[in-house]
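Going in written order, the chains are labelled A, B, C and D, and every chain counts its residues from 1.
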Amino acid sequence: MNAPDAFKSPEAFHQYIHEQHMHGLWEISGSQNTPLPTPEAVPHLWPWSLMEQVVRQSCVTVPVGNDRRAMQLYNPGLGGRWATTNTLIAAVQVLMPTEVARAHRHSPAAIRFIMEGNGAYTAVEGERLMMKKGDLVLTPKWQWHDHGNEGNETVVWMDGLDVPLVKMLDAFFFERYPEVTAPTTRPVGNSQALYGNAGVMPTWVKRQDAISPLMVYSYDKVREALHALRDEEGSPYEGIALEYTHPQTGGPALPTIGNRIQMLRPGEKLKPRRVTGSSVFCVVEGSGRTVIDGKVFDWVPNDILALPSWALHHHENTGKGEAVLFSINDRPVLEKLELYREAAE
Amino acid sequence: MNAPDAFKSPEAFHQYIHEQHMHGLWEISGSQNTPLPTPEAVPHLWPWSLMEQVVRQSCVTVPVGNDRRAMQLYNPGLGGRWATTNTLIAAVQVLMPTEVARAHRHSPAAIRFIMEGNGAYTAVEGERLMMKKGDLVLTPKWQWHDHGNEGNETVVWMDGLDVPLVKMLDAFFFERYPEVTAPTTRPVGNSQALYGNAGVMPTWVKRQDAISPLMVYSYDKVREALHALRDEEGSPYEGIALEYTHPQTGGPALPTIGNRIQMLRPGEKLKPRRVTGSSVFCVVEGSGRTVIDGKVFDWVPNDILALPSWALHHHENTGKGEAVLFSINDRPVLEKLELYREAAE
Amino acid sequence: MNAPDAFKSPEAFHQYIHEQHMHGLWEISGSQNTPLPTPEAVPHLWPWSLMEQVVRQSCVTVPVGNDRRAMQLYNPGLGGRWATTNTLIAAVQVLMPTEVARAHRHSPAAIRFIMEGNGAYTAVEGERLMMKKGDLVLTPKWQWHDHGNEGNETVVWMDGLDVPLVKMLDAFFFERYPEVTAPTTRPVGNSQALYGNAGVMPTWVKRQDAISPLMVYSYDKVREALHALRDEEGSPYEGIALEYTHPQTGGPALPTIGNRIQMLRPGEKLKPRRVTGSSVFCVVEGSGRTVIDGKVFDWVPNDILALPSWALHHHENTGKGEAVLFSINDRPVLEKLELYREAAE
Amino acid sequence: MNAPDAFKSPEAFHQYIHEQHMHGLWEISGSQNTPLPTPEAVPHLWPWSLMEQVVRQSCVTVPVGNDRRAMQLYNPGLGGRWATTNTLIAAVQVLMPTEVARAHRHSPAAIRFIMEGNGAYTAVEGERLMMKKGDLVLTPKWQWHDHGNEGNETVVWMDGLDVPLVKMLDAFFFERYPEVTAPTTRPVGNSQALYGNAGVMPTWVKRQDAISPLMVYSYDKVREALHALRDEEGSPYEGIALEYTHPQTGGPALPTIGNRIQMLRPGEKLKPRRVTGSSVFCVVEGSGRTVIDGKVFDWVPNDILALPSWALHHHENTGKGEAVLFSINDRPVLEKLELYREAAE
């Protein structure tokens, strides 16, 4: 169609501009200028009872080769996208004794939260980080890393990465290391010895950037911290909730992924709230229930739950002891871009 | 399918886990773990010769009602998404004398870059910002704003917003003002009188946040600055390139949208480079050519050009005088999230 | 005295500990733990009528040799200390046509505020900064600098340095350049061309530290800025007061010396206030009065006035036109050390 | 003398300007523009063998009344100024069982480093901070504080304050609390429970300023950290040296006083160095020697040593076990003001 013809009727005008890759704001405003966020991701829970079976069978069916034996949790609302929420992918990964998962690096950042078993390690930039149940291990962006299991237990962990975010930003880079493993250059425990002491920092190392130099956050210490705070009031929306922080800035441990752990005391029922940004929870201890936009998700240890942006949600402890939830979120992204909001009902 | 059956064959195993919203990393790694970014957005140029006709006809065909008369530039590679690049939407908006575009606010941030005509204004949070050809006018996120044209020229500008980014982050909020226009509470020119003086700042106003308090950047002054620097070497990739900055931080004028203007001197041919992040260029003066991944885009004033992430590109001035390009980009986002990279060939 | 003897009486005890370089807090608390600051510096005004005569005669009596022809203003309360206030030294320096003041550098920072004459320059780290009446010129710490007068007017300026502060901190370093002048490596006007454009910054130079890269603040522009703001309310204590800022941070132009300029409109009488930290004022335009702890100081252009910490003071314009005061202060120091306070009566 | 007479001879000119509170730079430059810092403070050691006797006798001779029983260490070079170095005052304070030292606050900041005894507390802003041997306890500026000893041991600690700095800056404020003690509003251990967990921070309390919210740094943990790092190379000038940090910023625990602890391994002899800024050391464990500008100071536990600015100094361990030195310094001040320098020989 040429322009003179195009301009004979509103219909022709619109057809013409569409052909030219233009659309009138008046055509889309009604559907697009929504008052509130309209996430495609849905709340979803993957029960451990299911994941455990799958994990066990994957050890039989799938070898650890160039790729890890990691079951990616696909959000049912995201149409087959590699994503647990709009910005985060979580997976359940398993490594059997003697196995090694090949070294690589990528521009997305990753965390590991250990669900079952001890004795495996993640090696990051030359340091072997030992993984124990409940520990959080960081794999910052673009650092060479591999995993190995030199113990005699099968080890299962949750991976959390910002792959969907980095893909959306067209900033995804991936590289395999030429060898199976990258060389070890620092002693085991080095990151914790240097940076894992509250309130004191070494003076002879100058590293300070947006990425935490503390690479392992031991559950032993975190659990102790949670219990020492059990008589505090805490947050009405999160209970006794701790943020895993960069020990030199107090900011998030990673620039793009927030990590939290929260304890709900026996009988504690938190208040509902909405926040911009999405989260993935992994149950650490106890049992309870999360209600998301009216839908109830009951949980027990190792269940994994996806929470979309701006969904009204609250947690409650329905068991007899403490309930502990670990979670990853994209709140550091929302905050840095000045898009974080929250609203209580 | 139940678990016991599922585990009888690899095929059944995979079918089963897919039904449970899990996918093996080994199934997708080959296609997803790409060494480099693979943007769906394509380079594309909207010529002014086309846009001018459309703009003129839109004044006949489309009223300014609740929505603006703004032609959204849809990237041909993005499958009908409201997006000029993965993170940015650009549009060409026209306002005729006496027209008013209704007040509203939204969580995406916006800029206006004036292409044709003088005499219109954008009112933001109570201050009328007068728009002259070549000026940059900010509309930070969530600030009430309306547009009006009290002059006697038809005024055309490029809108630039981070709508696709904010949508991807599920943080899109939109609200109409109850009246057609929000009240004026500050004198015309206030933002420039307070914050538009290089090297001096008022001491009796304390506003300081991530959003620039300087709301209009006059082309008169910017052009003078460009010419005063014409004997500098400049950047081999960008020439004499200036970033529009927050006058109290030196950071980007808006937290999520970078704004740049660059001058190519007669005969100047810049070097090719790739960067993470996308841009939209609007030609201000002169004529020239941009080559993107081998494809040539010749341009003249008011042409608009989309540049995807990680595309190899360079600009050259093919005219007799200076060529000046204004552009918006998502580099502040990439930098804040530690995902910015560049690579020269 | 030995310990056993010393401990026979309170008097002997006290004599003994004094000999050992110890003093009981109980001995000094009454005199030392004062509720409010007790500066030794006193308010003092050096009239231009006096300084002008001295300046003129100094040109006859004193050659410009290795040291500058700079009359240091000694605070009468500081017992002969090289100091105009506890932390700042101000001086009046004169340079006649063809004279050159030898290159050197020092750890104290310096500013020059031009009182009379045009045509001289301060060369700082390779750039000649041209000095016009009313301009502020920076000489940051430890940068090679020399002065020259290639015009045909005698040029007089106020020096302002943080010498007393740096001496108190035992961090005073001084070095003469091996030649009379250091070489020129950058064109005249470079600092202003690069960094003197409100709201735009060059992208190809990466310098960003605590010291402003803008080295000259022209009175032409500053005066225009003051007048453009004359209808603003301004500060009740300072009137229309502007801080000379680092254009990339909005912070003070120098890490240790604050620089301000304030306009009092005809008839304007400001409110009294106390602040921690001291200032030295230089009258730029008009006539008025400053009352400090009840003592009246009337002033006309080029008068210089010392204001000690925590003194109750206010300014008023007693002339017919605008009155303009330039001042230096140590407020950046007080603020960085979290010791800044203010109290209005 | 009047001006015409004054200008008849250079001598008369100089006499005249001195009367007018002006001095020629040419008159003072030779003595004042020194190439290097010339501190008046001298290196000095107060041996514990002396201080212990004095402390014991002070309990007999001096009551704890409105003022504390604190022996101020006066630097022999500073002419009776209330100062251990140019910027810092150290004192040895003793509190016997059942004693209370009255509540007050002041603009100088303070630290306590416990030398002998357990069971006393410092109450700061409503929280009782329990003091054990080797602990560091903060008393940030302008916070109400009192001390008490409810145990059955005599407790001795080193006070460290920035009184001389704050006095020089004419920013000294002091206020007594109307009662003997300020009320307790937070449980014992609260600051450590909230902020003493490496790598995790409470999310429901938002306090974040330049002052560390962690108020007690336990020697138990610090000593463990030192020993865990004993196989690291450490600093050639400081050995295994840790900075007490603000757990949310990695910066110094207080804005004006740096706190360090360093371990010298058996046989370790550090390299000599000069730094701008002064320190006061308190020996925690072991025995050794510090050489300052050629003068030898041998030390054993609880000895206190003053180190002036820019003095060439090194430490060495002359004992059989580890030697541990705690120290306070004004380096945060020097660094904030961009005056920090160091030079190794």
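We take it that a residue touches a chain if its C-beta (ideal position, glycine included) is under 8 Å from a C-beta of that chain, and two chains touch if they have at least 3 such contacts.
Since the structure is predicted, the reported quantities are computational estimates derived from the model, not experimental observations.
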item: Shortest path length from chain B to chain D (each step joins two touching chains); value: 2
item: Minimum number of chain-to-chain touching steps separating chain A from chain C; value: 2
item: Which of C-D and A-D has more C-beta contact pairs; value: C-D
item: Label of the chain whose CA centroid is most distant from the centroid of chain D; value: B
item: Centre distance in Å when chain C and chain D are each reduced to the mean of their C-alpha atoms; value: 30
item: CA centroid of chain A to CA centroid of chain D, Å; value: 44
item: Junction residues of chain A - those touching two or more other chains; value: none
item: Touching residues (chain side chain A, partner chain B) in the complex; value: 3, 6-7, 10, 13, 16-17, 20-26, 28-29, 32-39, 41, 44, 46, 50-51, 53-54, 57-58, 60-62, 65-76, 82, 86-87, 91-92, 106-107, 141, 165-166, 168-175, 210-211, 255-256, 276-278, 308-310, 330, 333-334, 336-339, 341
item: Sites on chain D touched by chain A in the complex; value: 187, 189, 193-204, 208, 212, 214, 217, 221-222, 224-225, 228-229, 231-235, 238, 240-245, 247-250, 253, 260-261
